[in-house]
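Heads up, the thing below is written out as structure tokens.
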Amino acid sequence: MKKMFALALGILTAIGGFVDIGDLVTNAVVGSRFGLSLAWVVVLGVVGICVFAEMSGRVAAVSGRATFSLVRQRLGPRLGFVNLCGSVAVTALTYIAEIGGVALALELASSINAYLWIPVVGLLVWIVLWRVKFDIMENVFGLAGLALVVFGVSLWALKPDFASLATQALHPSVPATEGTPTYLYYAVALFGAAMTPYEVFFFSSGGIEEKWTAKDIPVMRSNVFVGFPLGGLISLAIAATSMLVLGSSGIDVESLGQVALPVVVALGKVGLIFALVGFFAATFGAACETGLSVGYSISQYFGWQWGKFVAPRRAARFHVVMLIATIMAVGVLLTTADPIKVTEYSVVFSAVALPLTYLPILVVANDTRYMGAHVNGRLANVLGSFYLVVILIASLAAIPLMVLTKAGQ
Amino acid sequence: MRWTAPGVGAIALALLLCSCAAPRDDPEAYLGDSLSTVETVASYVATAQLTASAVRDGRVFVPSANVVLSETMQSLSDTVSTYGLVEPPDERSPMRAQVLDVSRRAEDSVFSTLTAVRRGDTAALDASIDRLTAVDADLSSLATRLEDPSGRRGE
Amino acid sequence: MTGIPRTLEAKLQLLDHQVIDVHGEMVCMVDDLELRPDRRGHLHVTAILTGPGALGPRWGGRFGSWITAVWRRLREDADPVPGRIAWNVVTGVDSGIRLNCARADLAIEGLETWTAAHIVTRIPGAGHESDA
Amino acid sequence: MSQTPDPLRLSDLLGARVVEESSTLGTVVDVRLERISTSDEIVVTALRSSTARYGTSLGYGRKQQRGPWIISRLLRRLHRDDRWIPWTAVDTISEVAGGGCVVTLTNR
């Protein structure tokens, strides 16, 4: 009974924790402009994050080493450092976007200017990083993030022609109003939103925080293989409702308020409450995850003690890194950088930074010295190699497409 | 809220000085600017329409609607003033005046919607929804005319 | 526990690996190894080297010498030596290098000690694990 | 063995040029260490010489490192000429001007 409860809890938090500001914004933007013609990218990205999260979780559970420790070990200090700089830059950008997202969600709920919220949110996030127990943090925000299921309910309430939605999703084509480069640019952005590097840093380091062993692999797998795809369905529901309500009125999504409009139209005030709670939980939870990930990756590269499982004074450098990151994020946001714009860039740069993180995980998952009986099987390797190629293509295409389309205009 | 940062503003200004401050010599490019301005304005008007009717039907909390409408108002004025800074290649072309005219009416109607929502004035809200609908229709007919070259010549 | 394998490949199994102390806490990375010849010409691994003083020279190039120079400037002694963990405290090599002593006894954690003393312990709650 | 700088760092050996009868065989990409009988002391027993400088730390020089096929194939091909040189075959290790070391092998 207790085991079943733990299993269900893990799956539910994985669903609720899957969506972050990047998924919210990118799916709404893409839905309003491209309908479901990019739904295949969401599916591709969700399967990809499942493959790599499972691998990094398994490596962490068996070897006790988290991602960046392995990156340094396998790529050496120089290439590892290049990866560290890139990954930390992207994760910090995402951290900024998430904190901004929390402030925007609070502004929507309260009508109090987001600038006044930003320092408050920064402080709250930092307190969670400093003091709140790891599993409480994960469970509370993961469960509250489930409120975003309201997008699925809205889709159902809008009574669309599901057959034509399915046809559109299954027969992708570039809409007449958009150019092919723009279509591809948003494909890369959606892929980056689904497969952000921080998710892997956080997932593998979280496994060590929670002291996983080989015995926990089945539970970890069920979280990944059930929770993440269901989270991906929320992403698709956001895109579909955005297409139905906003796209049909010629609205281009530029603010978090617009992301919530389809729910307002479909379900009214009750729906809006759920959407706002979901926005808050999803962005706040992701802010904690990205903040921790900045600390995790830098500490792991240099071999410093990290983690919330020890007292802060026993992991002083780790906590100082997170403190500096939080102050910087708040500072950047107070210069009036638009969190939505920051989000749009962060998902594209995520795609750029992916390959050097995924290669070492794939290699170590094949090392019997570390993995013993839990070494990659044939399926994991076929999928892993396939995604390495996809990630490489997305990474190389991202910047040229960004320049070519002036960031998707 | 306003996201137009001094930093972002400076970059935008720099870009503007490079590309737009001088008159657009290329009529094609100017037509593209006009068309995308009209489409962007239409997107904001549609956002305001959706929000305003949700307020009228009691489907949204006033603070949230207020935030959405204020942001829309802000972005709308930014778009219009950016377009206003571009000099047209042909002084006699009525295009610029047409776009600016309908855009300013869009601004007025979004602003009156925002005021009505803030005051909780139902009658004023209904009136501004009607104004939004009218502007929306004008925007789409202007867009059609701009897209269709024969319509342009007919002016 | 695991012990030290009979044969090791230095780059593959030691270099850039995590060092873990007797309590399971993380100490540092193996940034380099110190090798000393004996009278018969055999090279013995005598210590793990760590910190900028070890990583800088290994890095090479302008960036490497810059790291080393900054590190020298920040040290008080005229001819500083890099952080050094004698090989005789190593008890195991697997996905990490395991020691039989505590990290506090190693005197290699200058930055950690400084940040702990000047920043972290001044914030309330620094002495407790996260427990809401 | 003579002229060995005292003490040496592992990084001095890694990347060092391996010279046999004045022709270059490759560079040192890894160093094999062996435990002395029952003690925990370890000594250098061989150097891995390779014509490819990169990719050693990915671990494909060992059987325990399995696939994925494509990476394994690529790296094993890159390192197909690697060879272990026993420490007894090493004559001198000398530093060269401008940084780096040269490992000279004994003439056979």
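A, B, C and D label the chains in the order they appear, each numbered from 1.
One rule holds for everything that comes next: contacts are C-beta pairs under 8 Å (C-beta built on N, C-alpha and C of every residue); 3 or more make two chains touch, one makes a residue touch a chain.
Since the model is a prediction, treat every value here as computed from it, not as a measurement.
Central chain by Cα centroid: A, whose mean Cα position is closest to the mean of all protein Cα atoms. Once the centre of each chain is set as its mean CA position, chain B and chain C turn out to be 61 Å apart.
Between the CA-based centres of chain A and chain D the separation comes to 42 Å, rounded to the whole angstrom.
If each chain is reduced to the centroid of its CA atoms, chain B and chain D end up 69 Å from each other. Annotation: 33 Å between the Cα-based centres of chain A and chain B. Shown for chain A are the residues in touch with two or more other chains, namely 73, 76. Of all residues in chain B, none touches 2 or more other chains. Under the contact definition stated at the top, the residues of chain C that touch 2 or more other chains are 16, 58.
Chains touching one another form the pairs A-B, A-C, A-D, C-D. Partner chain C is touched in their complex by these residues of chain A: 63-65, 69, 72-73, 76-78, 80, 130-134, 136, 299-306, 308-314, 316-317, 319-320, 323, 370. Across the interface of their complex, chain B is touched by residues 107-111, 113-115, 245-246, 249-252, 254-255, 257-258, 260-261, 264-265, 268-269, 272, 276, 335-338, 341 of chain A. Contact residues on chain D toward chain C in their complex (touch as defined above): 1, 4, 6-11, 13-14, 29-35, 40-45, 48, 56-57, 59, 61-62, 87, 99. Chain B makes touch with chain A in their complex at residues 1-8, 39-40, 42-43, 46-47, 49-51, 54, 57-64, 66-68, 71-72, 75. On the side of chain D, the complex with chain A involves touching residues 57-59, 62, 64-72.
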